[in-house]
Amino acid sequence: MTNVDFTISRLGVPQINTPLRALLARKCWPVHFVSDQEQVPFDPNIKTLREVFQKGGEILSVERAGPREKIYFDPQKTKAGIVTCGGLCPGINDVIREIVMQLYYRYGTMEIYGFRYGYEGLIETYGHEVKTLTPDTVAHIHRMGGSILSSSRGQQDSSSMVNYLKKLGVNMLFVIGGDGTLRGALDIAEHAEKVKYELSVIGIPKTVDNDILHIDRSFGFETAFSEATKSIISAHAEAKGVKNGVGLVKLMGRSSGFIACFAALAMNDVNFVIIPEVPVELEGKKGFLEVLKKRLEAKKHAVIVVAEGSMQDVIAGEDLGKDASGNIRFKDAGIFLRNRINAYFKNQNMEVNIKYIDPSYIIRSIEASPLDNVYCLRLAQNAVHAAMSGRTKMVVGLRHGHFVHLPMALLAQGRRQVDADGELWQSVLSATGQPAIFE
Amino acid sequence: MTNVDFTISRLGVPQINTPLRALLARKCWPVHFVSDQEQVPFDPNIKTLREVFQKGGEILSVERAGPREKIYFDPQKTKAGIVTCGGLCPGINDVIREIVMQLYYRYGTMEIYGFRYGYEGLIETYGHEVKTLTPDTVAHIHRMGGSILSSSRGQQDSSSMVNYLKKLGVNMLFVIGGDGTLRGALDIAEHAEKVKYELSVIGIPKTVDNDILHIDRSFGFETAFSEATKSIISAHAEAKGVKNGVGLVKLMGRSSGFIACFAALAMNDVNFVIIPEVPVELEGKKGFLEVLKKRLEAKKHAVIVVAEGSMQDVIAGEDLGKDASGNIRFKDAGIFLRNRINAYFKNQNMEVNIKYIDPSYIIRSIEASPLDNVYCLRLAQNAVHAAMSGRTKMVVGLRHGHFVHLPMALLAQGRRQVDADGELWQSVLSATGQPAIFE
Amino acid sequence: MTNVDFTISRLGVPQINTPLRALLARKCWPVHFVSDQEQVPFDPNIKTLREVFQKGGEILSVERAGPREKIYFDPQKTKAGIVTCGGLCPGINDVIREIVMQLYYRYGTMEIYGFRYGYEGLIETYGHEVKTLTPDTVAHIHRMGGSILSSSRGQQDSSSMVNYLKKLGVNMLFVIGGDGTLRGALDIAEHAEKVKYELSVIGIPKTVDNDILHIDRSFGFETAFSEATKSIISAHAEAKGVKNGVGLVKLMGRSSGFIACFAALAMNDVNFVIIPEVPVELEGKKGFLEVLKKRLEAKKHAVIVVAEGSMQDVIAGEDLGKDASGNIRFKDAGIFLRNRINAYFKNQNMEVNIKYIDPSYIIRSIEASPLDNVYCLRLAQNAVHAAMSGRTKMVVGLRHGHFVHLPMALLAQGRRQVDADGELWQSVLSATGQPAIFE
Amino acid sequence: MTNVDFTISRLGVPQINTPLRALLARKCWPVHFVSDQEQVPFDPNIKTLREVFQKGGEILSVERAGPREKIYFDPQKTKAGIVTCGGLCPGINDVIREIVMQLYYRYGTMEIYGFRYGYEGLIETYGHEVKTLTPDTVAHIHRMGGSILSSSRGQQDSSSMVNYLKKLGVNMLFVIGGDGTLRGALDIAEHAEKVKYELSVIGIPKTVDNDILHIDRSFGFETAFSEATKSIISAHAEAKGVKNGVGLVKLMGRSSGFIACFAALAMNDVNFVIIPEVPVELEGKKGFLEVLKKRLEAKKHAVIVVAEGSMQDVIAGEDLGKDASGNIRFKDAGIFLRNRINAYFKNQNMEVNIKYIDPSYIIRSIEASPLDNVYCLRLAQNAVHAAMSGRTKMVVGLRHGHFVHLPMALLAQGRRQVDADGELWQSVLSATGQPAIFE
């Protein structure tokens, strides 16, 4: 984080009166615009704040998102583009829909292009259709999962992408994707700068795992873990439906266990949660398998939730390399754990009935929940406001309860994980009663 | 079916006035009782009916279920037992609940036992707790999936089971299970006859696959295929979310494809349905893989639903034997098909992205749908009426829209399958547009 | 029913080979066509069947629906129209979608018109847009409630409507509506006959109340009563949440109580069900209010479900006339009952807390349930098959578990009601424990 | 707020080692305890923080919630009580369940009483049963709406309540309720202090309207507005289903429009949102009715969401007084608006079809959503930790994303409203396109 410049990049000085004036600023009514001076502390730690301010220093702060009174682009002369990259996530269509609605109805920008199949769609030679997006074409998409633009993984050549955008006359590009995608978006923006093409690139961070850095939560995450609770309900019913039943639920989460933690807290019939952030010893007296055995002896059933990326260190076998997005291929912790449990109890001559449930894509390709609908809509509104103001190389996000502008470079730096010392994991321990560590 | 006696067995002549008289028969209001003379044709085929009746013959008919004016057991001196066997199915708890409610509140039978872990619970030496069931203990269970009694697979010794029932003084036993379970129930009833212990054994047929013979549908089936549609929605979103996306959904159905067919009709974004009843050739010019390829070339995505027990003949490998219930262990058609599709397109040098979804137990361990709630409730009511009337060795079921009594032996004879020449499969072909046969 | 001719009207002899041949009839595979000789007994009552057949007579039977090998219309020269009339009902869009899909993909009929706002859309002078329907325009509508064609109540001039259809060249009209709408459709068909315009008019009966005569159930009904169970769950929670809580749920059902009965059976926490078919005395020792009082004294809470058209005889006040569809305006039984309960207990000096819940349109304007999706799809398929075969003045429906053709005139004769002596009401009495009659 | 002392009251110095030590503090693993020194700024406004700190002053801060290493009460000698007051709200049972689970399993406090019917249950002479709560009795209640303890409105005599608690030996009382209830809880705590009875009184703020001061959101709110979106979906379908259809949805919100705003953002097919915080002029050229007329002329349908407490100033008629909780009785804005729209268009001779939908109690008596499940669970955990530490006269809540302790007096001061100048209302204006003010 140390190397990131927190100043939000801008294409120039906004000098155009926003068309939202008629909407937001009526006689006798306060004006609903956000001034550039409105900032929120990046990290409101009292001790730090006190120290810095007492010394006359200045703290790190971030701009509040929202409509500006003066904008940079002339809406009616502007063309916008939208692209969705990486895996599906609930709410992508909500974001697309509201970007279109805001541009079209509120700003009067009527030429909006949807690029197909991720960054491939920005490469002319792929020959993918470029969709024209209007309020009519997006009217009903907030009720559907997936992405009407489809997606792909991996980066493409920045120079070719900027050339194509230039050819089409696109001045603002909305990029919906994860940390890899944001690195790609930064490349695009920087290449545009280099060739002096005026292009605002605004990111809307997306990851179903909730592992985006520096924001309160990523859109679609609530929908995903909520849907995952159904697998826990089933696992619990199955586990109680037989003797020594073990309901084992594998959930998404390659490098972070947010879905596993929240799903387990939401449907608190879970006895063990295993996540990538907390190492687990399977064997030994205080190891997981022994603790599971004691649980079964006492209660005759158990429910386990395991994040897919857990226990990578103990899973034997070869390195599986990286996928097209550059993500390390993970070894499936669910199947691994099922096999180890089976082997252990066979060895112990104790009959257990494992019911393995992997909801897989179900939790990420469904329609967004109402709260995620709201979140997506507000992210999209703020993304449009930011682009119109001439900002670029930034993302919109929720931080400490406020919609803010964050430098794209900041979020592209890595991934967020569950803090093994934090409130969330502590709640999980309290809720499940599992030991803080299997050792 | 030829060897089954259609006469419903009875323990004796009902001579007791039902306590439902006060409820169902008021002054000036028609009496709500069903007479034993009320019958419905077992098979209302006009041609057969005409032939038989014109010759003065008599057709096969079955008794209508419902409350009788005279009953056999004295409700207040009667003890009842309930047992649930085999895999979970939505609605088991609804059936249990309404049996208890009817017995307790309508007939005044207050001693009701719930046997744990299937037929194991009827073997005293297992030492499983026998649950006392009251309206209080079952008040909320209709909102929960699973079985509050738990279950197990496999038959137990009839003699020991009858001894235990006798020791406990249980005169009526409600058995919730599939064809194997009903064979077991028949054994119990016959052994009780042999030792002259007055025991009414009434079956409530259960199978999530809807493969019970001779009834319109089995309870829980609607819930299960309805839940399965969510996997199809996800598979469709995933398939459209990438280039040449193939959404492959594996659904329950060991020997019958009802869940696959109904789910595909209900969420009609499916292009191919593969079920055990219809053979599939994978290779060849008119084979499945070639047809799939053409579909992808034309539309860039495809959705496939495959029942787990499909293509057993083409799946290579060893015989996997039988499980504790005597069911043949099936080779998983889903994983098999995924691998074959992957291999085929790799060989063809065509990039496809398979998204494999297996909702597994999720569709069977959830709360029953409202329509299944109604069905379970009415089955349970009729099961109680039948037991009270002294009937035994029978099941209650819906046939041609009427609740009827059917001989237990009849349903224990085998399993129902999708008629490959019938209305249902024809609808699937019309809905998907897939060829009648891959050859 | 006595005056209705059961012969299904036809425009002429079908002589064209169906394009479904390639789909449904493959080498070595049974042909999936339905012959005109396939009939099912209209009423499979054994006694009647025996009597009639023994005397050498013939029983009333109906044709099975399904694809015919020979069809009447040349699909590629045919134009089709669809119109939706009356109130909304879950599944209308499913029916529209599958009519379009069958016509377009299976038969090759590509000119399909959607008429807006019910029969108004068939009157040229109204100037309503006529929608061109293609697979693309209907692709996603099965996930949405309502009707993409909109609707209106009331009949229009048959002559003008036929003129407009003729002008547009429409040869087959699919009419989705209730008994009033079907009377209108019959008028259209008869006027077309009179002016010798070849027009097939096929009805798909629609009513959320399930009050269509002679069919097992109407589409959308399951969705509606399932949604209504949520109001019962809320009413039960509210009733138990306060002292002497009374949860009062009003449900749709102008002349029939099917929704009330099924919702109450599905969520069996209901103590009283009041429907139009069963008279209710409020006052008096065995009257409803006194029985309710006893219930509250014993259990401290009660849940009541009342169909909106109940107790019309006891509701004071003026005649409210008829609406545009000719339906008698009903006085709201829900508000009436709430007021009477309040007044009664105020008079008795007993504190009760009534929580009144009226889900109103919510239960009818939602997306159809999976089972209703299947039903709508199969109705639509069969409607298209019937139209293609040259049939007219008929509806498709499910009767005793089979899809059949029924004369339009038959269903236009009136409305179905809950049989106060039948299985359904008996189940409700058993489930609630309420007296057979409040007198 | 100026008069409130932000110091959290305590009964004494905690000197007992917490039994959570075994759970939360393992060898080599960070200790999961929260120190009393951990504080978060009450209001992290940069300008204020800078000013105060630069002057050497100190800002207002609040304690972080969480388990303490030393506790005040000896868990095994402690008795706890739970009471729920006011209207129902999703999640009450979740809070009850987790309080019981934490006390019983984590701390070892096994005597837990549930008081029935709100504060009435704390008055011995009412004679309400006091429920003994154990993990068994609460095992399944997180799947049910309502309150297993039932509720009532209004305060009772503090002296009698403390006497009863003393008699029962209850040392910690968990109070779930709104601002009125919290004032009552404060009375109880103060009376206990006066009579020197050691009693920890901890509030868990509850209001379905989300109008609790100073916290990010109240539990159950997300569930409620999510459920309300279904009414909007229906209203939209109904409005589009007829000519000039107006879908009018009335939602809860007596003095605040949070539910209306969030539901409208979540299901963004709404054209007008009317809330108590923003005055509305109905008549006049820029009045609501004229704007609605223009919308109908342009688009033929409209969807309106109105919070129940809106437009109180323009609703004619008498003052309706206050209810038992001291809440002002509101005049129903929904019915009022429906009538005014009807009258207006009748007067204009323009046919409109209003479909009025009032989901009423449905949105508040349902099962909590997964996110609310998580929130309730974490609130309950923190409430138990706070009580065990000997704190009193405080509530637990989420503020700027952190679980914190807040003085009870602070939240009892009034109600939160939608900030008509804030981000939320600005998003609503952007999403609906409605004018900032109808004037």
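Each chain carries a letter (A, B, C and D) given by its place in the written order, and its residues are counted from 1.
Simple rule for what comes next: contacts are C-beta pairs under 8 Å (C-beta built on N, C-alpha and C of every residue); 3 or more make two chains touch, one makes a residue touch a chain.
These figures come from a predicted structure and were not determined experimentally.
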{"item": "Touching both subunit C and subunit D (chains)", "value": "A, B"}
{"item": "Winner on C-beta contact pairs when B-D is weighed against A-D", "value": "A-D"}
{"item": "Computed distance of Cα centres, subunit D from subunit A, in Å", "value": "28"}
{"item": "Interchain centroid distance [CA atoms averaged], subunit B/subunit D, Å", "value": "45"}
{"item": "Centre-to-centre distance between subunit B and subunit A (centres being mean Cα positions), rounded to whole Å", "value": "42"}
{"item": "Sites on subunit D at which at least two other chains make contact", "value": "144"}
{"item": "In the complex with subunit D, residue positions of subunit B that touch it", "value": "140, 143-144"}
{"item": "Interface residues, subunit C side, partner subunit D - complex", "value": "88, 117, 144-147, 150-152, 230-231, 233-238, 240-243, 355-362, 365-366"}
{"item": "Residues of subunit D touching subunit A in the complex", "value": "20, 23-30, 32, 39-41, 44, 46, 49-50, 53-54, 56, 59, 61, 66-67, 97-98, 101-102, 105-106, 142, 216, 222, 225-226, 229, 262-263, 265-268, 369-371, 373-374, 377-378, 381, 400-403, 420-421, 423, 425-427, 429-431, 433, 435-437, 439"}
